[in-house]
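Shared chain: subunit A. Partners: subunit B in the first complex, subunit C in the second.
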Partner chain A sequence: MTDEREPGAEKLESGEPTRIDPRLLEILVCPLTKTTLEYDSARQELISRSARLAYPIRDGIPIMLPEEARQID
Partner chain B sequence: MSEARNYLREVETLDNGNVEAAYARWAPIYDLTFDILLKPGRRAAATAASKARGPILDVGVGTGLELPMFAPDTQVIGVDLSEPMLRRAAQRVRRERLDHVAGLVKMDATRMAFPDATFACVVAPYMLTVVPEPQAVLDELARVLRPGGEIVLVNHVSGKDDAIALFEAWLDRHMAPKLGWRPQFPWSIIGDWIDRNPRMRLVERRPLAPFGLFTLTRIKRMSAESKKSEESAPLELALA
Partner chain C sequence: MSETVGPPKIFDRALLRRRLSRALTKGAPDFLMKRAGDDLLDRLLTVKREFPRSLDLGSPSAHFSEAVVASGRAPPLRASGFGGAAIIDEEVPPFAPGSFDLIVSGMALQWVNDLPGVLAQARRMLAPDGLLLACLVGGASLVELRAALAQAEEEITGGASPRVSPFVDVRDMGALLQRAGFALPVADVDSFTLRYDSMFALMGDLRAMGAANVLAKRARRPLRRDVVARAAQIYAERFSDAGGRVRATFEIVWASGWAPHESQQKPAKRGSATMRLEDAMKSARESDA
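Right, the complex of A and B next:
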C-alpha cells in the first residue's frame, strides 16, 4: 500500500475524527462478494468477512479497492 | 459494433494506472482550467438527476464541481478512482456544508461496492471518455440502477468526418495515455451498448452549450414487466 496523499492536501481542521455518514454505511458492500461490511471505527476499516479483507478509510473516504485492502484471517 | 471494437482495441494503452496518475497531476489546476467549459453539462446532469426520487450516484465525481448543483433535498454519493480529487471534493462538501452529500468513496467504476438496484439515478458527467472500458462501466452503472431509474451521461461524442474529428483522432493516437482521456468517442460505444441491453432505453440525447461540444444522454432502465417495444413515451431526440 502506498500513501499517495499529495503534499498540499489539508488535514482536517482541529483533528476531529471524520465521521462516516450512516446513510453511506448502510449502502456500501464488499466490491468482490457484494456482502455486507462491518465498520471498525477504532481502526477506521470496513471489514468484509467473506472476502477476508479490511478496506481502509482515509480521512473519511472509504477505499473500496481490493488491491488497497488488508488481508485478514 | 465493429467500429467500437476496433476503437477500443486502439486505446488499450489507456489503462487505470494512466488515468489515476494523470488525474493526480491534474488535480491542483483542474477546477480552473475546465470549470467554464464543462459547467453547463454539470448543471444539466445535476438538474436531470435531481428529479430522481431516491439516492443518486455520481460516478467520476472528481473534485466535486457539480455537487453544489444537486437539489438540497437529494441524497448523493460520489465515487472516483482518484484519491487526491476525492479529498478536494471532501473539502468542498465541508466548506459549502453540502448536507445532501452522503459520502465520497474511492472505487473502480467497473467493480463498485454497491448492491444491485441501489440508486434511483446514476450520473456520469465527463466520465465515459476517460475510462479504459466504457461499456464495462455502463454494465456496472446499469447493475446498481433501480428499475425505473436513469443513467445520465454527459460527454463529448465525436463526429465522423469533420475537421474536429480528424484532430481528435490525431490527439487520440498521440496523446491519450498522457492526457488520461480519449478525445475520440464515437456514439456507437453508447448506442451499441443500449442495443445489447433490452432493459435499457434511450430517453434523451441533447447537445449542450457551448457549441454542442458535449452531449447529454439519458438512458432509462425499464421495469421487468415492460419491454422496449411496448413503451410509448416519446423519445426526446435533438441531434446537432
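Right, the complex of A and C next:
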C-alpha cells in the first residue's frame, strides 16, 4: 500500500480519506456479470463494461447496487 | 412480462433496505443478533483454522464481525445493503471468485429471493477449503403471530393475505447447501420462545427491527385496526402463559459448509474397497472382544 494520492481525485476537507480501499478494489466485480471493473478515480465510479453500468463510490464506499448505477453506452 | 426469467420475486429488496437502514439508525432491538453472535463465536472456536480473509455478508449489526475478531481472526470486510465497507445486495454479491477464506452471515439471507443462487455465489467467492457459516430466520418462527393474524383476518374480512414472511425449513437447508456445491454441509436449528406482554409488544419489536412485512405481494393496505385488535385477542387466548404473557417462537437456522478441497474427507469411490465388508466386520468384532 502507498500513501501517495492522485491530486484532485478526492476531497480532503475533513481530512478523512475518501479513497476506496485498494484491497477492496482488488476483489470487487460487477454484481450482475461478475466481470472485472474499471476504476475511474476522477469520477469516483466503478465501471462494468459488460453490464454497461457505472457504480458510484461515495466517501470511499462503493455502492454496488444495480439500481443505483449509472447507465453507460 | 418483460421481466427477466428467474426465481419469483418474493421479497421487495429495496423496501427491505430502506426499512433496515431506518431501523438501524434508530437503534433496533438486537436480541436475535446477540444470541446468534454468541453462537457464531462458539462455532468458530471449534474450528482449528486461520481465516485471513473473511466477509461479513449482510449482517444487520456488528455482532458477527465482533465474533470473528473474538475468535482470534482478523476483522472481516463488512458488506450489506445499508452499511459497511461496500453497499451491496446480498442477492448479487460483487466479489471475485476465491476472494475469501470465511464468509459469515447473520439474519440476512431469510430475505433473499433466490437462496440457492446466493449460496452458490457464496461458494464461488470462497477459496478452496473456505468456510461458510450463516444463520437465518427459520420457518417455525412466529407461528403464533401467523395463526392469530390469519384467523382474525379470515373472521373479519372473509379472507387472509400473507402478513408474515415465509422462512426456510431446516430440513431443506442441508440439501440447499449440497446443491450449491458445498462439501460437508451441516444444518441445525436453535429454537427458543420469548415472552411478551401482548401481541402489540411483539409487533412493536418486529417493526423496530425493520422486520415488518416486506413481501412483494403484500397487501398494500395496512392491517385494519379491528383485525389487529381481534388478532391480539386470539393471540392472548391461544398462546399465553398462566401469568398472562404471550409466547412467541423464534427459530434460527444455521448453515455451514466448506468450499470443496482435496484434503477434505469424502466417501470412497464405489467399488474401490480392498477388503470385504464381512471381513472388516469380523476383525472389528475380534478387536472388540
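As a convention for this text, the second predicted complex is superposed on the first by the 57 of 73 C-alpha atoms of A that agree within 3 Å, B and C clash if a C-alpha of one lies under 4 Å from a C-alpha of the other, contacts with A are read in each partner's own complex, and residues count from 1 in each chain.
As a convention for this text, a residue touches a chain if its C-beta (ideal position, glycine included) is under 8 Å from a C-beta of that chain, and two chains touch if they have at least 3 such contacts.
These numbers were taken from a predicted model, which means no experiment stands behind them.
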Which superposed partner A:D21 touches (first subunit B, second subunit C, both, neither): both
Which of subunit B and subunit C A:L65 touches, first, second, both or neither: both
Comparison of subunit B and subunit C by subunit A residues contacted: B
First (subunit B), second (subunit C), both or neither touched by A:V29: both
Shared subunit A surface residues [contacts with subunit B and with subunit C]: 21, 24, 27-32, 34, 61-65, 68
In the complex with subunit A, residue positions of subunit B that touch it: 24, 27-28, 55, 75, 77, 83-84, 86-87, 90-91, 102-108, 111-116, 118
Residues of subunit A that touch subunit B when the two form their complex: 4-6, 8-10, 20-21, 23-24, 27-32, 34, 58-65, 68
Complex contact set, residues of subunit C against subunit A: 14, 77, 81, 84-89, 92-97, 99
Touching residues on subunit A, where the partner in the complex is subunit C: 21, 24, 26-32, 34, 36, 61-68
